[in-house]
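By written order: A, B, C and D. Residues from 1 in each chain.
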Amino acid sequence: MKKLINDPENVVTEALKGMELAYPDLIKVQYNPNFVMRADAPAKDKVALISGGGSGHEPMHGGFVGIGMLDAACPGAVFTSPTPDQIHAATTAVAGAKGALHIVKNYSGDVMNFELAAEMLRAEKIPVESVVIDDDVAVQDSTWTAGRRGVGATVLAEKLCGAAAEDGHPLGSLRELCKRINSQARSMGMALTSCTVPHVGKPTFDLPEDEMELGVGIHGEPGRKRTKLAAADEIVELLMEPIISDIPFKSGDEVLLFVNGLGGTPLIELFIIYRKAAEIAQRAGLKITRNLVGSYITSLEMAGTAITLLKLDDDLTRLWDSPVLAPALRKGI
Amino acid sequence: MKKLINDPENVVTEALKGMELAYPDLIKVQYNPNFVMRADAPAKDKVALISGGGSGHEPMHGGFVGIGMLDAACPGAVFTSPTPDQIHAATTAVAGAKGALHIVKNYSGDVMNFELAAEMLRAEKIPVESVVIDDDVAVQDSTWTAGRRGVGATVLAEKLCGAAAEDGHPLGSLRELCKRINSQARSMGMALTSCTVPHVGKPTFDLPEDEMELGVGIHGEPGRKRTKLAAADEIVELLMEPIISDIPFKSGDEVLLFVNGLGGTPLIELFIIYRKAAEIAQRAGLKITRNLVGSYITSLEMAGTAITLLKLDDDLTRLWDSPVLAPALRKGI
Amino acid sequence: MSSISAAIIEAWLRHCADLFVQHKDELTDLDAKIGDADHGANMARGFTAIPGKLDVLVDKSIGSLFRTCAMTLISQVGGASGPLYGTFFLQASRPADGKTTLSHQELCQCFDVGLTGVVNLGKAVLGDKTMIDALTPALAALHPKNADSLEDAVARAATAAREAADATIPLVARKGRASYLGGRSVGHKDPGAASSALLIAALAETLKRTA
Amino acid sequence: MSSISAAIIEAWLRHCADLFVQHKDELTDLDAKIGDADHGANMARGFTAIPGKLDVLVDKSIGSLFRTCAMTLISQVGGASGPLYGTFFLQASRPADGKTTLSHQELCQCFDVGLTGVVNLGKAVLGDKTMIDALTPALAALHPKNADSLEDAVARAATAAREAADATIPLVARKGRASYLGGRSVGHKDPGAASSALLIAALAETLKRTA
């Protein structure tokens, strides 16, 4: 295992410490239970937005805590959902009278831990709503699975709902907005390499030099299918087809195209991917009016990419353009 | 070789095409000769800032073209300096009456190609000055080498000079500012893995599972020394000591701490590095008043990190805080 | 023996800490195949936190022991297994409230309501390739048969759990992370079923030791 | 033969395109050891661009051939080798201006001013482990000796260049990227010296073929 770490057991707390030292103006970090919150918490006169999940997906979610995005983020152990204690502590630390929205990625663990936390919070009369993000079209048959995973749409939902929360939307309307974003977004990813969970010390799976995994999530798990390595353009076709045909997106739709790196993929490759994804979207008659290119939701040092398409409307576009100031996303401030 | 690319020969142009499609509001891309320029070029009433170098270092330099940073960037082939034609074309495309500053990283090839271009430009009566960045303390004995390499300080110089150019500084004062930034910055890097030049198809060097390269540059070249793999904290000590003792930085200095990823290193590791680097800087009495954490100057998919320290003063701090709007750096806009 | 004391329950929970540390890599390897390679670490992190909690626990009734175990797992583990095993012990603690011994029948009742809690939370059914697949036959086997001893019944339950965990190998996962793999989950043992088998094995070993 | 025609010079430059494509991987491998693994691609990119330029060239005097070669290398190669080889041919073109043959002596003069240009631009001295180390002894060997034929002299120069390139192996690099390696550059042949040896070898082969 080749990583810039110390004791594998300390990866999460040391990385949190690094974030704390790097962004004192934007965030505060609490330990035991671990969570990241806005420096100006608790939220005044706005709904608090809280998300969380396993660590290893940086900058998600801690990097999205800030003005116009999340109020708090709960990082679990690497690839392990946070505990209800963390979620409870984070929520009570940042939520004001207007309550809190939990943005939860659809993984059994995340859903259950957020559910337990929400029960605890409701017992304390803290108004809390949850929206589960499940945008991953790689998981095809949802009656026979834990349902589609939450991936790239989470980043977009956090940005857009963060802007709406800043605008003063009440809890119920934020929940509906978040659901709408989720219903209008689809994603799919692929991996060139596995990744190594620090305390495990060896790659989660082996992938020969000439093969790739199609339809991976963000936890180093194998994908739906292993196939021969292909050229970038072919890979993008394999990702875009199921995305576009799923909603389905249709000619004339305005969309946001998000090309994400999984952690070990350099930007030069993401631009090559973006080029082809944009071409395919245009070929399908979609108008790409907004975009995001970079490694925003990762799977440790996995090499690979994931593409997300979000159908926009004037409302979502305006929210996307609203100011945001978080460690990993900045605009207008 | 596992990369998200098509024909290795097309990597640079396809990535440029991706950038062009992704940031139409910010940049324009020209081909044959290749360069990236601000969408609102040519520069009016300001000195034009041009940089360039081999490709494979993304987002540098193309990602730094925009308001408050570069006016144009010239991407060569992967790890190969751009040609005088590119530099000449880029400079004439963006420079106005106030002339142009070339920010050149100190590599024989970069220096010579920019020199030839500057000669051509001067023959055409275009006022042009060059500053060579050479901040890499890993190259110790400069009388017996091509001199120290230009690495992390380049990003900082582009941001700071970009802000000053926007403020209307004339060419001579910008050149002096750039030299001062270079003289106040020091960097050092290390690699956990090699990287693969696309048209070569195999890693530039082999690095066993339990070894690392200390003092690498950004071209996949081996470093000054190969040693046993160490814990992150120890690695940071090995990088920080030569940096701090070189200027030397001294107690009470205000500094900008830049922790850079080399392309294949995930953010979670960079935060662990930042944590220790900040601790060491503080131990030395330095006050970290500004910072930058991320993969801004890379070596394809190399796993590793580089640290840069820049001594700040009120002037540089103000320039750092000035607005910037480029594909890879955004602040205040 | 036809009943079980709080002391044995405490010894069991403490023994689990050792057992899950011992089997950490094995569980992680199973999870690497069809999940995200953290099940070993999750179980070890959760159960090693328990002895410290028990050391300072005042009320050592079985209900209190189970509740402490539950709260520790819920607050330490995360993932899918944290809330699931936490719920198992939280629900199991209710019928054991204030009790310092449990009859064989009462123990069965505790575990049965525990399992119901897990099913309600996780919504998995038998055959979905989850811990349910090991717990369900194990708890069925635990019920007294021909007035045998509790010790024999627990041994029988442990065997049933182990065999049931092995029997998850040919199944297609339909809950949890492994379900994302679809048919590719076939051929691998479910890590949660394996940890459930260890949990019951730990009780069998504890009873044997103290016998 | 005691002079060289423009046709042979053109054939030489065209032959270089083939030779540098053939030796692309070899040069890249050398550069991977002590540089950045692009020298083979750089030389191939530069020289393969030349035939097309020559195809449409009207003035085929030697000066014009050299100048075309120079401008093509400068505009296509980049890196360190682009300006250096470009400068070599640009300077070499001056004494050859308008000429359609060069005497042995004149050829030496062209190359000598070419080399001076390279030294002025790159500021390397003999022993710095660069192309200078191959070009310097090669051009010394090229000068007429005992009134031998130009063909023999070029063959001698090619041998000298090849041997000199090999002789860079034990040296510590002091210019270019390899210099960053310090002592670690010892034990590897300089890629630029190797490409210089190929350049001269190409001339020798061309003369032999047309002889």
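Basically, a contact is a pair of C-beta atoms (placed from the backbone, for glycine too) under 8 Å apart; a residue touches a chain by one contact, two chains touch by 3 or more.
Predicted model, so just to flag it, every value in this text is computed and none were measured.
In terms of the stated touch criterion, subunit A and subunit C have no partners in common.
Computed from the mean C-alpha positions, the centre of subunit B lies at a distance of 55 Å from the centre of subunit C. A separation of 32 Å divides the Cα centre of subunit B from that of subunit D. Taking the mean of the C-alpha atoms as each chain's centre, subunit C and subunit D sit 75 Å apart.
In subunit A, no residue touches two or more other chains. Chain contacts in this assembly form an open path, with each chain touching only its neighbours along a single line.
Pairs of chains in mutual contact: A-B, A-C, B-D. By the touch criterion given at the top, residues 28, 32-38, 41-42, 45, 74-84, 86, 121-122, 172, 174-177, 179-182, 184 of subunit D touch subunit B in their complex. Put simply, subunit A touches subunit B in their complex at residues 1-7, 11, 14-19, 21-22, 55-56, 58-59, 63, 192-193, 209, 212, 229, 231-233, 235, 263-275, 278, 288, 291, 293, 295, 298, 300-301, 303-305, 328, 330-333. Contact residues on subunit A toward subunit C in their complex (touch as defined above): 33, 54, 76-86, 107-109, 112-113, 115-116, 138-141, 144-146, 149, 197, 199-200, 204-205, 217, 219-222, 224.
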